[in-house]
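The structure that follows is given in the form of structure tokens.
Chain naming follows the written order as A, B, C and D, and within any one chain the residues start at number 1.
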Amino acid sequence: MVTFGVIGAGRIGKVHTESICLHVKGAKIKTLADPFMSDEVAAWAKDLGVENTTKDYHEILNDPEIDAVMICSSTNTHSPISIEAIKAGKHVFCEKPIDHDLAKIKEVVEALKGTKIKYQVGFNRRFDHNFEAVRNAVASGKIGEPHIIKITSRDPEPPSAEYAAVSGGMFLDMTIHDFDMVRYLAGCDAEEIYVQSAVLVDPAIGKAGDVDTALITLKMANGALAMIDNSRKAVYGYDQRAEVFGSKGMVQTANDTQSTMVFSGDQGIVAEKPLYFFLERYMESFSREVRLFVKAIEEDTDTPLGVMDGLKPVLMGIAAKKSVEEHRPVKLSEIQF
Amino acid sequence: MVTFGVIGAGRIGKVHTESICLHVKGAKIKTLADPFMSDEVAAWAKDLGVENTTKDYHEILNDPEIDAVMICSSTNTHSPISIEAIKAGKHVFCEKPIDHDLAKIKEVVEALKGTKIKYQVGFNRRFDHNFEAVRNAVASGKIGEPHIIKITSRDPEPPSAEYAAVSGGMFLDMTIHDFDMVRYLAGCDAEEIYVQSAVLVDPAIGKAGDVDTALITLKMANGALAMIDNSRKAVYGYDQRAEVFGSKGMVQTANDTQSTMVFSGDQGIVAEKPLYFFLERYMESFSREVRLFVKAIEEDTDTPLGVMDGLKPVLMGIAAKKSVEEHRPVKLSEIQF
Amino acid sequence: MVTFGVIGAGRIGKVHTESICLHVKGAKIKTLADPFMSDEVAAWAKDLGVENTTKDYHEILNDPEIDAVMICSSTNTHSPISIEAIKAGKHVFCEKPIDHDLAKIKEVVEALKGTKIKYQVGFNRRFDHNFEAVRNAVASGKIGEPHIIKITSRDPEPPSAEYAAVSGGMFLDMTIHDFDMVRYLAGCDAEEIYVQSAVLVDPAIGKAGDVDTALITLKMANGALAMIDNSRKAVYGYDQRAEVFGSKGMVQTANDTQSTMVFSGDQGIVAEKPLYFFLERYMESFSREVRLFVKAIEEDTDTPLGVMDGLKPVLMGIAAKKSVEEHRPVKLSEIQF
Amino acid sequence: MVTFGVIGAGRIGKVHTESICLHVKGAKIKTLADPFMSDEVAAWAKDLGVENTTKDYHEILNDPEIDAVMICSSTNTHSPISIEAIKAGKHVFCEKPIDHDLAKIKEVVEALKGTKIKYQVGFNRRFDHNFEAVRNAVASGKIGEPHIIKITSRDPEPPSAEYAAVSGGMFLDMTIHDFDMVRYLAGCDAEEIYVQSAVLVDPAIGKAGDVDTALITLKMANGALAMIDNSRKAVYGYDQRAEVFGSKGMVQTANDTQSTMVFSGDQGIVAEKPLYFFLERYMESFSREVRLFVKAIEEDTDTPLGVMDGLKPVLMGIAAKKSVEEHRPVKLSEIQF
């Protein structure tokens, strides 16, 4: 039995709390910490079987009964709390991204050196049933050598311009998942990136210095060419697809829907829209990733998505920004780390 | 080169005339006959390369240069003209049905005995790309032994009640194609039939003594169970599907559409409706069936759909009517022939 | 908070135990009873939060803290335990079928009269996302008046001939779910039933006096015609589809799959097979039905699927058997109740 | 009636000859010219109704009865014969591309100035039912403002390395169709192009100085971002898809297949591969484009695809090559014309 402390009771912290309590065998949460812990949240946590709630996450770090820490606090605290937790000898599951600052991620990498700490980053989409099926097909050699990888990733609605401004920009906030996905599907790193982007959804996003639409071309280390297309607003809902084309065939995934129901009427043949957004679409992946983290602890193996896997997409996001600024293809090796 | 005379320049007569002139290599039409031949139709035929037009189909029967007669006249003339043509030594392609009266079909059967005449009936759906693919899969053993056969056949709009009254009723007018199809897909005859029917589309059809909706269960000679569902009105268009389920798998066809275009909008994911009706859906089958008729003449082989194949669906239609009247399963062997 | 006792710790009893403990808010299980309760099962239940385990289900009936009983024992005990539980003042969730003997179901109906007991029967498929979407479309008037209802229900593999013999036969064991489904989709009762059946999958099933393949035609009280097709063995997996066709359109569901992944290779375009069997396909429906049962208790409303809904499919199964024996359409009104 | 002379009796010349004779009303072919005209081809043409065959295409240019010339000769003769035909006062339908050399295309543009000659280029895909449906949806405003355009275009097998060497390279030989398509779907010109390409299919193609796999990013004049992905070899067949995503929705097309048949077996659910190659996939478009050419002549309107539409994709192909050579995004305005 792995005993967790969860730090952060915002949206994603609650998702993980409920998910661990209900769907992760061999795990329990002893303490949930949040600086704004309310009576309501505390009661909700109790109801799920969480023993203890607190406003001070150090209670978790100092508790010898707690094996693993789940970091769901605000992004700028991910790396410092990671380091504190590592120093306290706790295994760490850190929500994405570790940090927007490569130097701070590097500190986490350093802190892990020489320890037996298991560290996992929350790029949950790898644990989605559809993307996992695609990756398995690629890894098994079913499509031969991969030649072209295509990822479509579009949100159902844009964030507020304020959020866009503080989020690190679309590449570090939204595309970062796709950067992880392209590494996952290709089974290797990207070497070069070129971005063609635009502000087509909301001029306020442009005024805040960000973009909302992008085509991103990548050259992967295994020779495959890859392409990500992003939009902050698809009126038909969350569009999350992938296609990998290779020497022996192609694998593709479609979107998930609430049901397979199709209506045939005088206006056409109408199927359901995709599940609305990431909570609907990826809920199951949140428990699957934690089950694998627990397994890595129990069996003393590597986590499926370690600190370097957390770093690489940030590197790619920084290269993407540079490509936009300098309007040219940028090699990943140009980015200092 | 097979030289045709076409008798009847109504809708289906025109379809065959154009189809033979443009799409059937090794065939030409010398004469088109219709009692109401107009200057306009005559000019249209000339333009297609038809040498001659007439109001008297005997010109065709008496013309020693004409090898084959295509009978596209009104249903009640199919069997007498068939017999005249056979006596004149012409090969015969007869539109469906040969007749609604089994005795008259029997006369055609008798007239053919001892001759070398090729006789083919126009159940064109057998020559549709989708249904042919299903049949080929069944015939090749791909699905093993057939257990369940399902045919969906729904028109986009009902005929007028007047037409319904003179058409012989839904079973002999519309379902007759599905009776042929179930024999084709099963590769054998039906032994028993049970009909559950209703008037749900248009009360006037009921007043005219006919039905507009039916579920028809059949037991086939090879042991398979079969089911046809019919409606005279599907608001989304002509619904023409089949499914054959067997010991090793299942084959299914979907409807054809004008394009594969799909629109994803805030109301759903919308594909096109099926092609509107039989002229849109089955146009290609009209030339394919005639090409095979021509081939049978040239190679002196059996036609793919002979006089007995024309008779059997009529027998099934009569059994279906009896099942409705007596509200019980009816064996095909109960119908005298 | 509704406190449950669960009677029966076989496959379906375990499904419900886990489902209630993890997925039904506002419900808990105090006691799990099974005559063959093992240490292993007891430990498993403890782990899920079940307070108590026993070999004697009377502990449940006699416990004043327990509000509701979930009957997951063998079929022949469903009705007597139902009656005992009703007499003990417990709400009852009874797995399907209540009984194969109409007289015994009648006793349950009688026992409920004049009580405030909530009684629900476990026809879980009504609570499946796909079938619920179809029913909602029909109930909302989206397809107008229903004309034709089609249900495909095929198992991935047949039961042993021994099981087939004691199960009450295919109609009471397997088709009974489809009988419930046709009532649910139509929103009314069946009036007449005709069965065409065969032994095509396994001769041993025939020797045991049962059938393994059937086409079942029904006339519904609202005038719609309905059709169920059953097979005990679909090599491609559990085939669970429905189609409702009406005056304004059609709704259909397809099978669920593990992922949306499609492989395009030199042999064709290959999608996944349906989820293997009912545990994979319908898992979510097991918690949804219990959540609605809990809600009915809490809000003192009717359960969504009461004792008469439990009885009707048994009536239909008996009529189906009679149709096979007498080879004719049978009116439901012919079956004495 | 428009009277044609066809120059070139290779594969595409034969396609057009048959297509005009059988499927283009109001058009006939008087003469078919080919320097290697054989008795066999001459007989085949006669059989289709072509009056005359010759080895010298000047017979066509000098024939006052001929209204229009269809140029199906080898690529390097397209522009000189175009100019000769224009000078002879003939309308011209020229197979793609007009030339690989912009200067030579410019000569054609000049030759047309001040004449009433109708000139059309054979980018037939615009007249495909699927792509036309997508374009119509975009043009009608159904998807709002276009944001992202994606074209997948993959051949079933690579050309020989010898052909690759003389074809002008993948961008001018294969992608040129996609360059036309992106202009058609966007309804405007491209402004900038960036290519990421590779040799992944056949090293011999690389040795011949060409590529076989590419991701091409474009910025369109209306602000939309576009993406073409090309491969010379898709083992599952000719992959021809498009997707246009905009502010109000998305339209997509799928590949066409020989039938809609789907087989469900123990290995999965198998649909048919796409139609094999361009002759199978686009046959109908060849007659549709000529019908519109004939209409433009008869009604004295612009052709749907004039000389500038023929030039632009060549310009894009040259820019694409430059992007590969200089490994940077290239503005179309950089290419001198």
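One rule holds in what follows: contacts are C-beta pairs under 8 Å (C-beta built on N, C-alpha and C of every residue); 3 or more make two chains touch, one makes a residue touch a chain.
Quantities reported herein were computed from a predicted structural model and do not represent experimental measurements.
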_Chains contacting each of subunit A and subunit D, listed by label_ = B, C
*Most distant chain from subunit B by Cα centroid*: A
*Approximately how many whole Å separate the CA-defined centres of subunit A and subunit B?*
58
*With chain centres defined as C-alpha means, what is the inter-centre distance between subunit B and subunit C in Å?*
43
_With centres defined as the mean C-alpha position, give me the subunit B-subunit D separation in Å._
40
*Would you give the residues of subunit A that are in contact with at least 2 other chains, written as numbers and ranges?*
234-236, 248-250, 263-266, 272
_Touch list for subunit B against partner subunit A, complex_ = 234-236, 263-273
*Quick one: in the complex, what on subunit B touches subunit C?*
145, 147-148, 150, 154, 192, 194, 196-198, 200-201, 213-215, 217-219, 223-227, 229, 231, 233-236, 239, 245, 247-250, 327-329
*How about subunit A: which of its residues touch subunit C in the complex?*
22-23, 129-130, 132-134, 137, 142-143, 248-256, 258-266, 272
